[in-house]
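For reference, the structures are reproduced in the following blocks.
Next, two complexes with chain A in common: one pairs it with chain B, the other with chain C.
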Partner chain A sequence: MLDRIIKDYNDAVFETDKDAAFEVVNNALANGLTAEDVVFKVVIPAVEEMMSDITRDPDANLAQHFMTAQIAAEVTEKMLLKFAHPPEIIGRVVIGTAAGDLHSLGKRIVMGCLKALMVEVLDLGVNVPAEKFVAEALNYGADVIAISAMMVHTATGENGARKVRALLKEQGLEDKIKIVVGGAPYRFDNELYKTVGADGWAADGIAAGKMIVDLIRAGKAS
Partner chain B sequence: MDAPSVSLVRLSVQTPSGDQVFQVPLGTSVRDALDLTELRVRAACGGSGGCGACGVTLVGGAVSPPTTAEYMKLLAVERQQGARLACQMRLQGDAVVRIDDPAPPSQWRSIPPEELIAAPGALPELAQHVYGVAVDLGTTHIRLALWNRKTGQRIATRRGPNPQGTFGADVLNRLSAAHGNPARADELAKLARTAIVQAVRDILKRDVGEVTPMLKEIGEVIVVGNTAMLALLSGRGGDTLLNPDHWAGRIDCQPADRAAFQAQWFMPHAAIHLVDAVAGFIGSDLLADLVATRLTEGAAGALLLDVGTNTEIALWDGTRLHVTAVPGGPAFEGVGLRNGMAAETGAIHRVCRTPCGAFHPASADISFETVAGAPARGFCGSGLVDAVAVLLATGQIKPSGRFAVSPGPDGFLLDSANPRTALFSQDIDTFQRAKAATAAAMAALLQRAGMGWSDIQRLCVCGAFGHRLDIANAQAIGLLPPLDPARIELFADASLAGAEIGLLLPAGAAVFAALGERVAAINLSQVSDYDDRYIDHLRLRPIDINKRA
Partner chain C sequence: MTPLDILVAAINGTPAPRIPIFCNLLDQGARELGMSQREYYRKGEHVAAGQLKMNRRFGHDNVWGLFYVGKEAEFFGCDNILYAEDGSPNVGDYVIKSWDDIAKLQVPADITAHPAWAETATCLKILREEVGATHPICAYLTASTSLPALLMGMDKWMELLMTGPADLRDHLLDLCSQFFQQEVAAYRAAGANVLVYSTPFGTHYFVGKKRFESFSMPWMKRDLAPGGVGGIVYYCGMAPFNEVIPAVMDELDIAIHYISPLADLAVAKSTIQNRLSQHGGKGLTCGVIDDIKLIHWTPEETRAEVKRMCEIGKPGGHFLFGTGVMPMAIPEANIKVMLDAAFEYGALP
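Then we have the complex of A and B:
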């Protein structure tokens, strides 16, 4: 039965059909699968498969990234409410767009994937000052600050990732909190993330989910 | 509200650089027909037959007999050899003409008359400098019209590309280019200013017959446009625009040095009005649309959509105008697609499942039509809407936006013999994101006004699609709500018409200011569930108008 559910769910995600995905999940619950099973045996493998698929599939497009990440996030959120015990959380992330940047959709995909991967995310919104990134990260106990910037001037500007790095350094937090960045300018220049003082970057929202999880795990292992 | 159907005839043109064929409305003069294309005849008067510059040779076909003007301008021996004036000769059927010496290539074309909106009004009390220019400064295109304000007569129109496009297709790239780089900002301003005056000169040269003296007779120029374009034109406000803290407020885009502006345009007597934008990303082009469509003069529940690279939306609730803007991307203007183009000669502007009209049969179940019936050179916005809707209906594209069968590196070809008819996965993606942004923004405005989709009594669609949008197809893929089509009106050049109306009023600028007073601007990046709506609208399916907006 599980194989059938996994296949139907993956088909629904591939077709970006949210209603169909929920139908599969609800049927699975009705047939005795637990919410934990749905998340760990169906949703998370689907997200991981999606990550490898999307990088291999030349026809996959951004609209499909958005829709699949949204399905994963919504299903996970619904399932978490039904968990018998609070799930084991991998880590915590605060996310927002750089000061001066109003493009919220990139971080949207990242948040969807992180939630589905059992990472807790606090959304700081758009146009977030560097001071707020650091203060909220401290408050929230975040392992990672994720900064999205879709324009060259917000990616490379003095008030974006560079300033967050300077503040972490100033406050002696560099061992505790990592910085990751994403957005179009980093795709055009794959070394740009280092220039602005980030610890990691990813080419798209779904790849970012995996990169952040790896970074958190590496940080906890060290 | 489709454009009235007219019978089309074939105009074949032989030139030194090759032959071309155009589909032309019956009764059009050869000059008027070619003024809409890149192949224009020479001209130095308004088509009265007065200058004699537009000489062509009639090779054969059904045309009107020579006029008095032609008897005066052409020698008998020339007439016997087929010499005619293109402005006098009207097509009464298919015809073939030869042009030995066409006008030099130009970016500027006349706007097709069926796209223009009547702008009633005149200023008979004007004593001098009676001419005026209305300009719609778009991100992708510039449209303008020259008027005699005293008599209320439109002399001619032009449409051409905004040359700033080389600095980026969207407004943010151009603002970024100008940011902190005064020389570059200057260059961008100069590009737009030069383009505008070149278009005016093109009109004066071809439709009036004298240029410099006429520039001195221009008494007013009204420019409407999106905020970024106005800022880049005036060289002011661009840096402010890049900072979202200033997004909701008015941005001063008035030129610092008006005299320099007048001097650069050789228009010493022109009052140059850049109509103030509403807010950061809501331009005065939207105000001009509202003037042209008289949206606020009707009942509540009137929604206006100005589709373009930066799509602007207004909702009239009877007392206030809720307005917003979304960076939908240039897909609707035919830019940013592998085979995208403006709605010019050769653009695929209509795609259907069954053969319809004078069409190129493509495959058994899909046919398409191009502008002027020329060989297909790419897709314009309306052609893309149709193509997506038709391929969705045939199952060749799925609601997710994927092709059912991967089209491979050559793309999905409507006509297997013509690579310019190919659609690619990327194109569908670009299109999906533009339509989702548009639909989600409409939904956000409706919610803000406490309305639902079915409360829309009137939906005015202005901007890039012009008259060509197929409403049923736009509804099938979720770009427009599935309302009774009688409530939906298409306008081709509403922003320009609004600027023209302003030009013909004694205190035109006041009209725009009064509308501006009623506006409540909404910044979608601060609407918490906008992103969710956007993602919900990415799928290719009709909008559910019974669901909350």
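Then we have the complex of A and C:
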């Protein structure tokens, strides 16, 4: 039965059909699956499946990324209310777009994925000053600051990730809080993230979810 | 031959001394005139003067009627533009904050009577008078399926598109298509002859094959039907779109394509060449350099990339060398190296 549920859910996500995905989840619950099963055996594997699809399937597209993340986040949010015990949280992330940048799609996809992957996320919104990234990260106890930028000057300029790095250094927080970046400029130049002082980057929002989880786990292990 | 003659020759596949060489220097005009971005974009004569000065210095073929992409939102009431001294102005506040705002949205009855058009018209008039007989004048026009992103933000638009009520979505698209139809007519009347149709949703990078066919294609047909495709350049906001070139050529009749640096240029070129006969032998593959890498490339790396692109594009003709929206962080020396290389490797026997 579980295989059938997983297949039906994956098909619905692939077709970007949110209603169908929720129907699969509701039927699964009615047939005896627990909320924990839905999240850990259906939703998270589906996000991971999409991560590998992106590298395999040239037809995987932004609309699918967006819907995968939104469906996963919504289902997870609903299932968490039904959990017998609070789940183990992997870590915490503050996320926003760089100062001067209002492009919010990538941020939204990353947030959806992280929520489904049991990472707590604080959305700082768009056009976020570097000082706010650092102050909010400290208040929230964040492991990672995630900065999205779609324009070259907001990705590489002095008020974006570079300034966040400088502030972390100044305040002695570099071992405690990591910086990740994403957005079009980094896709065109895969080495760009290093020049702005980031610890990691991902080519798309779905892959970013896994990269951030790996970074948090590596940080906690060390 | 003038740059305009060279462009026409490349499209027609007739003899010319070299390939057309486009370089999109927009924000650099402020620096050229010693102005802030805000002051530069305040007046059409500034935008024209900055470009003409750079054009004389670098010798590239094209000029632009475009100020900044977010300007289209001003026609819908956006009055908050975010200026930066190191990059392009950007929409600072979206006019659609909730779905309820869509009902209040209006397309100006005549966009050429709207204040947002006045400075564009001034810029185009100067460019037409100064170089209109010799140089291509470009315009940037956002497709109906992508314009909502400038009005409400890409994530909110994606949400409405994927999960919202179809009648509301279609109403917004209808307004955006009406705007596009007016805008393209206005630019044509003002002398623009290279009309860059920016349609990110017209690629499989944004939407899958099924949605491209059922959603993007019908709206693109609607955008383009009244004015036709004369001078239209297919462009997907730097996203790769090789897979849709056959459909775009067959169904939209567009034979000029501005290829993403992330796409395989050789594949794009052969796909377009193979369909030229259906377009009266006319068409153009525009090879676009990855201008973000130009920020740090050495002269040797820049020259090698230009050479590589020209070697792919030149055989069989119908090829143009172009750039994206050149970031301001590119050192001027690299712009010069790139253009020198394009003139050298773009020479035709």
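The rule is simple: the second predicted complex is superposed on the first by the 222 of 222 C-alpha atoms of A that agree within 3 Å, B and C clash if a C-alpha of one lies under 4 Å from a C-alpha of the other, contacts with A are read in each partner's own complex, and residues count from 1 in each chain.
Please note the rule applied: a contact is a pair of C-beta atoms (placed from the backbone, for glycine too) under 8 Å apart; a residue touches a chain by one contact, two chains touch by 3 or more.
Predicted, not measured: the structure shown is a model, and the values here were computed from it.
Colleague: So, does A:His153 touch the first partner chain B, the second partner chain C, both, or neither?
Modeller: A:His153 contacts both chain B and chain C.
Colleague: With the two complexes superposed on chain A, say which partner A:Ala63 touches: chain B (first), chain C (second), both, or neither.
Modeller: A:Ala63: touches chain B and chain C.
Colleague: For A:Ala184, select first, second, both or neither according to whether it touches chain B, chain C, the two together, or no partner.
Modeller: Touch status of A:Ala184: second partner only.
Colleague: May I ask you to name which of chain B and chain C touches more residues of chain A?
Modeller: C
Colleague: Pick one for A:Asn127: touches chain B only (first), chain C only (second), both, or neither.
Modeller: In the superposed model, A:Asn127 contacts both chain B and chain C.
Colleague: By the touch definition at the top of the document, which applies to A:Arg108: first (chain B), second (chain C), both, or neither?
Modeller: In the superposed model, A:Arg108 contacts both chain B and chain C.
Colleague: Just checking: does A:Gly205 make contact with chain B only, chain C only, both, or neither of them? Give me first, second, both or neither.
Modeller: After superposition on chain A, A:Gly205 lies in contact with neither partner.
Colleague: Scan A:Thr16 for contacts with chain B and chain C and give back first, second, both or neither.
Modeller: A:Thr16 contacts both chain B and chain C.
Colleague: Just checking: does A:Leu192 make contact with chain B only, chain C only, both, or neither of them? Give me first, second, both or neither.
Modeller: In the superposed model, A:Leu192 contacts chain C only, not chain B.
Colleague: Could you tell me which stretches of chain A are touched by chain B in one complex and by chain C in the other?
Modeller: The overlap between the chain B and chain C interfaces on chain A comprises residues 16, 58-59, 61-64, 66-67, 70, 100-105, 108, 126-127, 151-153.
Colleague: Within their complex, state which residues of chain C touch chain A.
Modeller: Its residues touching chain A are 82, 84, 86-88, 90-92, 94, 153-156, 158-159, 161-163, 204-209, 211, 238, 243, 261-262, 290, 292-293, 295-296, 327-329.
Colleague: Give the list of chain A residues in touch with chain B in this complex.
Modeller: 14-17, 58-64, 66-67, 70, 100-105, 108, 126-127, 151-153
Colleague: Sort out for me which residues of chain A touch chain C in the complex.
Modeller: 16, 18, 58-59, 61-64, 66-67, 70, 100-105, 107-108, 126-127, 151-154, 156-158, 184-185, 187-189, 192, 195
Colleague: Touching residues of chain B toward chain A in the complex: what are they?
Modeller: 172, 176, 179, 242-245, 247, 398-403, 406, 425-426, 428-429, 432-433, 436, 523, 525-526, 530-532, 534-535, 538-539
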